[in-house]
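Below are two complexes that have chain A in common, paired first with chain B and then with chain C.
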Partner chain A sequence: MIERLQSIDRRIIYVLLILVIALALLKPIGLPVKVGPMTKSMYDAVDALPAGSVLWIGMDFNQSSKAEQYPMLSVILDHAFRKNVKVVSFAMWPNGGQIFDQLAAPVAKKYNKQDGVDYLNIGYKPGGSVALRAMVTDINTAAAGVDQNGKPLASTPLGQQVKKLSKDYVGFIVDIAAGDPGTTDYLNYVSTPEKIPMATAVVNVSVPGEMPYVQSGQYKGLMGGLRGAAEYEILARAPGKAASGMDSQSLGAALIVLFIIFGNVGYLASRGKK
Partner chain B sequence: MGANIFDPANLTGAIITLAVLSFLIKDNPVFDLFQHGFVGLYFAYSIGLTYHSYIRPTIVDDIVKKGHYSYVIPVILGLLVYFMFVPSMNWIARYPMSFWVGYGAGYILAFQPGTLMPQIYNTFIRFYGKATFLDNLNAILLFIGVITALAYFFFTVRKQGTAVGLAAETGRWVIMIALGAAFGSTVLYRITLFVGRMQFLLGDWLGLLK
Partner chain C sequence: MRKELPIIVTVLSGLVVIFSRYFHYGMQLGLMDTLDKWYLVSASFAILLGVVNMVKIHWGYIRRRKEGWWNSIVLLLCLFGYGALTVQQTVDGPQAAWIYNNLITPGDSTMFALIAFFISSAAYRAFRVRTKEATVLLITAVIVLLGKAPIGDALINGWGTLADWILKVPNTGGFRAIIIGAAIGAFATGFRILLGLERAHLGGTGTK
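On to the complex of A and B.
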């Protein structure tokens, strides 16, 4: 009987998972979320930027990681705009520029910030790390002179102000990345050689690979997955979709752990019989 | 949040999401339709993106309109790759490939040591300094983990009954723990993706979430 635990119909697991996640969204129970040191140090680094300084946001993800990375961008923008920090964004992923426009608009409206004055969306430029490295020399040339929507960079106050991706113009870098090209390109070609401090906001699956760079101090912090976004929302006092999704994620994960235990108990029982 | 059930964008998103999730029950024609549709759409998008991002700006704008004729050289170099489809002349395709490999290796070697050195340094430096007991324990475990994981890949030395063998066996466990952490993160990521879809279905589409 117990050995049947290792062959539970997968559809039963799916149904239970759907129910648990849906119920947790409909009736949140408010499981506590403790802020971790990596998110805290990233928040502190952004918080320490003086008003008027420039935060560079790398938009290296697309819609496939929407659940984790849309809340990350929203909360960072909220934090930066509240602190009157100017934001410049650049995308090595084709959809990054569009996503920035989509998410920046409501936050900019909330804080009465203007496109081209308080934030600038350089948008997607092809070439990956080569285009990124070219930004270090001259943003205008590397971006073919125009922003995400074809507007000349030189026609905007922020485009005139931020000429290079260098320490003289940019105070801090946050790369929101879901893969390659992404965070390691910023680390290799910009942050390390140009000595610009940076942090990263990555999908959950990338967290183990990026953690050594936090421990070595090469990243000033790390926002990892939905959990990291929820922690940042708590710190920034800007609750959003990440915090509201944490109950579902935690209970969903607990259910999967439970079925892994069931499977192992079933396996051990069947081995004992043999 | 109000319901937007018949909003075209939400309705399309909901139908596609449910069609894809129908695979959880079993493979079916509706899932196949949307799977093939997605592949076709992505392929067409990639062609359009490549044309508008690389081909048009280089050939039409830079070479033809602006007269940057030196750009013809990389274009020709790129086109030489297609000689790989001509069996008698496929050696020509090796020239652009060797150029790219050489350029890529030089580019990476120019920058990567600056990033990698702190990683090596950090493996050892935390052994002393102002640290708590847990910091020191973490540093010792990190050191043991790095050395034993490397020892696992010493395939040219005798391991049976030697210190290297013991280190390699420990390294095998360290690698398994690391892979376990990576697997756990992947599972959590997939759950989050599903939570995102449920937030869309229950919130954006049906308007059931506050």
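On to the complex of A and C.
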């Protein structure tokens, strides 16, 4: 009987997982979220930017990682606009520019910020890391002179102000990335040679791979997955979707561990019989 | 010349990059900027090339009535239909934005979300205490899984700190080794390409 615990039908796991996740979303239990040092140092770095300075946001993800990365962008924008920091975004992923437009609009409205004046969406430009490197020399040329919506960059105050992706024009970089091209390109071609401090906001699965760069100090901080976004929301006092998803993540993880235990109890029981 | 010419172009490009990156005079000439601009133009054409290639492949499927050929019709209709729509009204136009927000975004998110279910099932089946190594893997997975969610610290105070230690110490050590190994591999491959020994980028068997 106990041996059967090692061969539970996967459909039972699926149903229980969706039930647990849905239940935690509908009836939150409010488990406390401790803020980790990596998110804290990223928050501190953005918080230290003086009003009027420029925060560069890399939009290197698409809608598939919406659950984790939309809250990341929203909370960073909220923080930057509240501090009157100007934001310039550039996407190496085709949908990045459109996602930025979508998420920036409500936050900009909240803080009465204007497109082209307080924030600028250069949008997606083909070429990946080479397009990024070209931004270091001249943004206008690298972006073919236009922003995400075809508006000439030179016609906007922020487009005229930020001519290069260099230390003279950009105070800090946050790359929100879900893969390649992404954070490593910023590290290799922009942050290190141009000496612009940067942090990264990545999906949970990418966190282990980014850790060496956090330890070496090349990233001034890291926002890892939904948990990282929730920690940033707590620090920025802007509770959003990430914080409300923490209970679901906790219970989902607990359920998986429970099934792993069941599987091993069944396995050990069957081995004992043999 | 079908093979020689691409090799000559590759070697020359590589030498220009080395000259521009490692020599002061090369840096002053600004050849890298020129090469970058050429690359950007080529990359833009590559998108067009990708579309032409995709149309060619799927048109072939439709003509030969290959199994699932109707999927190819849907793909081509979406490709040209959505393309025409965005050209007519830009990506933020009412219909284009509606399709993006209500079909592409939820569809893409759903595909990604499905991974959670597969991972749950895979974790249940794979994490067994069969060997000492598998047991270490299992214990590590459980510590990090619960430690990176708020429930870890809610169960035992300090659980999250233990998970962070695993990420910062053993994980970082392992990843550094991988990064250094990959960098040496990339250097060796680059050197082989410059010498014309590596030919995988030209198609065929790849090595000489």
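In this text, the second predicted complex is superposed on the first by the 274 of 274 C-alpha atoms of A that agree within 3 Å, B and C clash if a C-alpha of one lies under 4 Å from a C-alpha of the other, contacts with A are read in each partner's own complex, and residues count from 1 in each chain.
One rule holds in what follows: a contact is a pair of C-beta atoms (placed from the backbone, for glycine too) under 8 Å apart; a residue touches a chain by one contact, two chains touch by 3 or more.
Please read all numbers here as calculations on a predicted model, not as lab measurements.
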item	value
Chain C versus chain B on the shared chain A, clash or fit after superposition	clash
Contacts of A:241 with chain B and chain C, given as first, second, both or neither	first
First, second, both or neither for A:212, with chain B first and chain C second	both
Chain B versus chain C as contact partner of A:150, first or second or both or neither	second
Which superposed partner A:204 touches (first chain B, second chain C, both, neither)	both
First, second, both or neither for A:116, with chain B first and chain C second	neither
Partner chain in contact with A:32 - chain B first, chain C second, else both or neither	second
More chain A residues in contact - chain B or chain C	C
Partner chain in contact with A:67 - chain B first, chain C second, else both or neither	both
Touching partner for A:254 - first (chain B), second (chain C), both, neither	second
Which superposed partner A:137 touches (first chain B, second chain C, both, neither)	second
Common interface positions of chain A, toward chain B and toward chain C	10, 14, 17-18, 64-67, 126, 130, 204, 207-209, 212, 215, 225, 249, 252-253, 256
Contact set on chain A toward chain C in their complex	6, 8, 10, 13-14, 17-18, 31-34, 36-37, 62-67, 98, 101-102, 125-128, 130-131, 133-134, 137, 141-142, 149-150, 204, 207-209, 211-212, 215, 224-225, 227, 246-247, 249-257, 259-260, 262-264, 267-268
Residue ranges of chain B touching chain A (in the complex, touch as defined)	24-25, 49, 53-54, 57, 107-108, 111-112, 114-115, 118-119, 121-122, 178, 181-182, 185-189, 191-199, 202-203, 208-209
Of chain C, residues touching chain A in the complex	33, 36-37, 39-40, 43-44, 46-47, 90-92, 100-101, 104-105, 108-109, 111-113, 116-117, 119-121, 123-125, 127-130, 138, 141-142, 145-146, 148-151, 153-154, 160, 164, 167-168, 171-172, 175-176, 179
Contact set on chain A toward chain B in their complex	10-11, 14, 17-18, 21-22, 25-26, 64-68, 94, 124, 126, 130, 144, 184, 187-189, 192-193, 203-209, 212-213, 215-218, 225-226, 241, 244-245, 248-249, 252-253, 256
